[in-house]
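Below: a set of structures, written as structure tokens.
One chain, subunit A, appears in both complexes that follow, with subunit B as partner in the first and subunit C in the second.
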Partner chain A sequence: MSSVLQLPWQVPFGIFTLCIDPLNIIFLIAIAVLVICAGVYGIGYMRFYQGKKSLVSHVSFYCIFVLTLLVIVSANNVILFLSAWEVMTISTFFLIIFNDEQESVRKAGFIYLVASHCATFCLFLMFFLMAHTAGSMNFDLIAKTSFPPMIAVTVFLLSLAGFGVKAGFLPLHIWLPHAHPAAPSHISALLSGIAIKMGIYGICRILWILGVLPDWCAYLLLGIGVVSGVMGVLYALGQHELKKLLAYHSVENIGIIALGLGVGLLGRNYHNSLITVLGFGGALLHVVNHAIFKGLLFLGAGSVIQQTHTGQIDRLGGLAKTMPLTSSLFMVGSLSICGLPLFNGFISEFLIYFGLFQGLFMLPLQGAVFCSLGIIALALMGALALACFTKVYGIVFSGEPRFDLKGEDPGMLMIIPMLVLAGLCIWIGLVPQTMVILTFLAGTYMSRISYFAVDLNIVMVPLSMVIGMSFLFLSLILGLVLLRRFMVGRKDMPVREAWRCGFTRCSPKMQYTSSSFACTIVEFVKNLLLVRSHGEEIKGAFPNKISLGTSVHDASDENIFRPLVKAMFVWSKNIDAGRVRYTQMYLMYIFLFLIFLLAWKLT
Partner chain B sequence: MITTILIHWLLTLLFAPFFIGVITKVKAVIAGKIGPSLFQSYYDLARLSQKRSVYSSGVTWVFRLAPMIVLAAVLMVSLMIPIGIFKAPVQFAGDILVLVYLFALVRFFMIAGSLDTGFSMEGMGASREAFFSCLTEVTLFMNLLALGLLAHSISLSEMIGANYPVSWNLVGPSMLLIVASLFIVLLAENCRIPIDDPDTHLELTMIHEVMLLEHSGVDLAFMMYASAIKFLIFSSILVPIIIPVKSLDPFINLAIYLGGMTGLAVLVGCVETSMARLRLDRVRHLLLISFALAFFGLIVTWWRA
Partner chain C sequence: MTTWIDASCILIVFFSLSILATYRIVGMIQIYALQSFVLSLMPLFLHAGNVSSRDIVLSLGTMVLKAGVVPFILFWAIRRISMRSEIKPIIGLGSSIVCGALLVAGAFWVSMSLRIPGKAAADLGLPCSLAVLLLGFMIMVTRTRAVTQVLGYLIIENGIFLFALSLFDSMPTLIEMGILLDIFVAVFIMAIVLNHINEEFEQGPDPEKQVKPREVF
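The block that comes next holds the complex of A and B.
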């Protein structure tokens, strides 16, 4: 690590050193792009609150948040890292609870705060275990130590638990679907695009520090990726709220990133530098890509919500006609997140797939079986994400308005950031070389091999073919459009009412809804999701007015964490009931503890 | 390079509608009718392309652009498929990913375009397409995985051109499973009976055809051409695996290929006449069967490879 900035800092064991290396530069790029875009968008978005609410605290917390993000990824010291981490957590909390007059928002913020602090507890343990073993608090010195296997594994597991909460691995993701919808949209974009990536950054840093890990750690990471990815997108399919749906998609994309990291770790364990670079590089490229397209999607969702004042997908519809720019930009984001060719999601998924395929051929049977599992899971995620985003685009922007909710394209201040992000999606999709090489550099850095020692032609040649095909594809589309224009000639193109199989009196409310669109898939996997339907069935020849709805609930929320919290309440109540309420008693406890400390120190 | 690509596209466009005609003819003959000419699909396409398009009110650019994107994507995929003796102009490691994701792009625009009309029946078709394709895409991927393991490559041309007589000898059972599974995938992806019925336009049970309801004229011609090419692509993958015979004479090879393709079309026609369309909730069982076949095919390949 090359240090670039050192400042005096009067904290025990703390050294204020900021460094830039190939790994954190990837995250710095993602932060820079999204923070600027979301900030500009925020100016337009928060105009609505001007005069109604004080924006000073929001803006200052935004600045603090950005500052701490930069410090976190470039810190070279445990104390500095943890301080920045805590400040980030708290500033995020205040950003989330901007609309704090609503109870749900306060609750979401609280869940976030509690989850983050439970995670920080694991991080404290992990960092002090590492620092204790290495005898230093600086990352570059810690990285030079070789850890005993037991400690390495403990550190790895603690980092998965600690950083996993922030990143949103299943089942630790419970704060995401609460916090993302509660926050203002540009903050949701940052939460999803950047804040959860800090968890990924932490895991990357730990993987860099721990040179050697047993095989099962790679399988664990791969497994976490598969489970988070598939379950995340299944939950997303069942959601009816735009931002909640996008929040679950973050879980999916974090799963893809974890899958890539798992592949990289697997390759590193088997000393196969190509697989390592492909896995780590693909995962890191997906970090950047996800920041860009998820930022774009959240900003697009923000425009919709600002205009129509609802995020309920089933209440919206037909917005493409009145919001053409927003809808087209949202389309770009959807195509990117589904990993379709021409857009950036495809490039990072291509790299991860390529690494998995290399693993299939080059690794021994056990590794290869896990690789094929990864391939199948990635294919399934892709297909499900496609179902999910055709649903969102089709229901929200296509068709006719279901209710009288219409909107217009927001002002330039909000459109331009989205345009920039969409442009970046297409840029990485069509000309990915720069970013791919940067991420490969980071990948080699993470596995501590020389960039030039890896035969990257094996992947760069197919990648250039992919790029060539993309341009050919674009020109073919253009050619077909021209051909069509030529074939049509001067014939007039009448616009008539849709044929609709002869139905005449169709009401916009008869359009397919998001629940009905997703119901085929949700029904199919109802054993995995908590699907509840409320309302009554239609009865008799002349039924009364009834309502029927379904909702998908989070199993890890309801079956793991709620009972856990409940049990803890009961437990602490029991302790409280059995406690002796004398001051003298407490003084004696303190006294005994002091004696214990003395005795411990004496030996 | 450009000329080979253009020749390949020309061949694709030339051959593709023929096999659809074969299926229709076989169905008619088995039903005891004379049936339309083998070249009826060409006539249909020619007639449609001379007509003007009628758009339904309220559709956006997604609906208008979808036919072009769909046809372009399918044509791009055809570049990666060897047609008879003509090698695929584009082949590289990992082209199967491009194949699968270009088909995904096709699906995205089919679904988005059909939802654009805002009619519930099209929504139904779109929803089913989205669901069934989740199952078929995974199955297709598993089959490609198994084939890739046999050919030791992830390039489609090498998978198709692999030494399958040896594979049939070595891992016959696995090949059988893969072929069976791929055949079901072919039926599903090309909307044939028993998964979907390409002939009925007014049934509540259909999937693919309902998404084309509002397309007309040139746009419909593009869409129909795209589905014909899609059938050609899937059968071109399947035929060299089923008939792994190669001779030194290119003309015999071409004859084997064309014969195999026609045979496959006849087989599809026979399947279509011999069974009814499955009830919708049964379709997923059939697709799960193909998934299971692919899964076991993969395991057997692992075990022997």
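The block that comes next holds the complex of A and C.
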């Protein structure tokens, strides 16, 4: 780590030192790109509120948020890190509750605040345990100590719990689907693109500090990745609200990143530098990629919501005709998040796939089994994500409008940031060399091996081959389209509605809804997802007017955290009932404590 | 002069104990006035017979405020809202005195090992002030009437005043802060009158009766 900025700071054990190293530069890139784009977009987005609400606090919390992000990533001191972390949590809270006149928004903010503070408790324990063992509060000095195995494992588990809440690992993700829809769209983009990545950054930093970890830690990380990824995308498939759906996709992508980190850790344990670098590098590249395409998707969703004033997928439809720019930019984001070639999501997933396949061949049996599990899970995630975004794009942008909700493309202030992000998606997708080399540098740095220990060409050659092949395939399709144009000539072609299915009198309301589209997949795993249907089945030849809908509920929310909170309420009520309440009793507690303090100080 | 200081210190502790042993509120206020009167004489003895004008002003100010105005307001308050004149102790008077005596002993024991810079260890001011403080607290804890809470608070305040006097020969800021505290107490007393608390602080788990004390504190 090379220090770049040192400022005087009068805090016990705290040193204000900012450092740059190959690991945090990746995160700095992601922050810089998304913060600027979301900021410019926000100017356009918040114009709607001008004169209705004070924007001063929003803008100032935005600036504080950005500043703390930069400090968190580059801090070289535990106290500095934790202070910035707390300030970030609080400023994010105020950004989320911008529309605080709605009760759901206040509730979402509260859930976020409680979850974050529970997580920070774990972080305090973890950092102080580390600092106590190392005898220093500075990361570069802590990294030089070798930790006893018990402490290393405890630190690792605490970091998974503490940073996992921020990152949104599966059972701990409950704040995400509440907070993302509640916040203004550019804030959701930042939350999903950057704020949850701070959890990933923390885990990366801990992996860098703890040079040696037992094997099962790698399997645990891999398992967390698989579970978060698959469950995240399944939950996403069952959602009917645009931003909530995107929020669950964040859980999925965090799963992919965790999977990559697990592969990297596995490689590091088996001293296989190629797998290590592929895993860590792929995960870090996915951090950047996810920030870019998820930012793009949230900004696109924000444009839709701003124009139509609803995020309910089933109320929208046919927006591609009235919002051509937004819809094509959303398409770019969707293709990227599905991990299709020529877009950036593919590159990072390819690296992780490649690492997993290498693991399949080069690791002993146990590792190979987990690697094959990872491959299957990653493939499943990709396919389900494709289904999910087909649903979103198909229902929101194609087809016919269901209700009288039409929008236009928003102004240039909102379009240009999305254009920039889409351009970056395609740039990384087509010319991945720069970013891949940067992330490999970080990967080698994280596993403390020489950059030259890994031959880049082993990956880059097949990667460029795949990109070339998909390019060929694309040009083939384009050629066929042109050929059709040429053959058909300028003849008038009859225009028909899509999804007509042989009916003669169709209404736009007879289109597929998001429930019906996802039904086949969601029904398949309905026990995991807590699918509930409202309304009744159709019976008889001439049924009356009935309604039917399904909704997917979060199992970890309903089966773990709500019972937990309820039990805590009951418990504290019981304590409360047994309490003696009159003023003199409280005074006596104070009195006894005073006497205790006096006696304790003297002896 | 040290004899005078020690004598008044012991008197002040004695008055605190006798407040603990008094059953009627009027008597308690009278003893409090006496205690404050003795306390207000203390600045005159501090400089070994050299009485400066500052000491006189301080002494007179304390006397007027603590031995005059505050008891007067208290008397006026109990007359105005015509409370019952008996206190309602949580523990009996006998055991109160025993506990009080134990507290005084504790205060002496604590101050034996408490080293205050620049002061002779044999001084009675420090243990007495601690004892008055603890006794005041004890009155607040064991008596349930609203007025006794205020009296306990006033006795604690006297203890702090004594502490300041016994520690420093002349400590303008601390003593001025003490006088400010007195004004706060006066406001406190007014709050009682205005809120018309003419009964004791409720006890027991009856939730409807919980409202009153919370409004005051």
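Just so it is clear, the second predicted complex is superposed on the first by the 542 of 603 C-alpha atoms of A that agree within 3 Å, B and C clash if a C-alpha of one lies under 4 Å from a C-alpha of the other, contacts with A are read in each partner's own complex, and residues count from 1 in each chain.
The criterion applied here is as follows: contacts are C-beta pairs under 8 Å (C-beta built on N, C-alpha and C of every residue); 3 or more make two chains touch, one makes a residue touch a chain.
This is a predicted model, so every value here is computed, not measured.
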**OP:** Check the residue A:Val466 against both partner chains and state whether it touches subunit B (first), subunit C (second), both, or neither.
**Re:** first
**OP:** Compare subunit B and subunit C by how many residues of subunit A each one touches, and report the one with more.
**Re:** B
Subject >> Partner chain(s) touched by A:Leu530 [first = subunit B, second = subunit C, both, neither] >> reply: neither
Subject >> Touching partner for A:Gln584 - first (subunit B), second (subunit C), both, neither >> reply: second
**OP:** Once the structures are superposed on A, label A:Ala599 by its partner contacts, choosing first (subunit B), second (subunit C), both or neither.
**Re:** second
Original post:
Touch check for A:Gly317: first (subunit B), second (subunit C), both, or neither?
Top reply: first
Original post:
Both subunit B and subunit C touch subunit A; at which residues?
Top reply: none
**OP:** Can you check the complex and tell me which residues of subunit B touch subunit A?
**Re:** 5, 49-50, 52-58, 60-62, 65, 67-69, 71-73, 75-76, 79, 90, 92-95, 97-98, 100-102, 104-105, 107-108, 111-112, 115-124, 126-128, 130-131, 133-134, 137-138, 141-142, 145, 148-149, 152, 154, 202, 213-214, 217-219, 222, 284, 298, 302
**OP:** In the complex, go through subunit C and note every residue touching subunit A.
**Re:** 90, 106, 110, 113-114, 134, 137-138, 140-144, 149, 201-205, 210, 213, 217
Original post:
subunit C touches which residues of subunit A in the complex?
Top reply: 580-584, 587-588, 591, 594-595, 598-599, 602
Subject >> Residues of subunit A defined as touching subunit B within the complex >> reply: 317-318, 320-321, 324, 327-328, 331, 335, 338-342, 346, 349-350, 353-354, 357, 360-361, 365, 368-369, 372, 375-376, 379-380, 382-384, 386-387, 389-391, 393-395, 397-400, 458, 461-462, 465-466, 469, 472-473, 476-477, 479-481, 484, 487-488, 491-501, 506, 508, 510-512, 516-521, 524
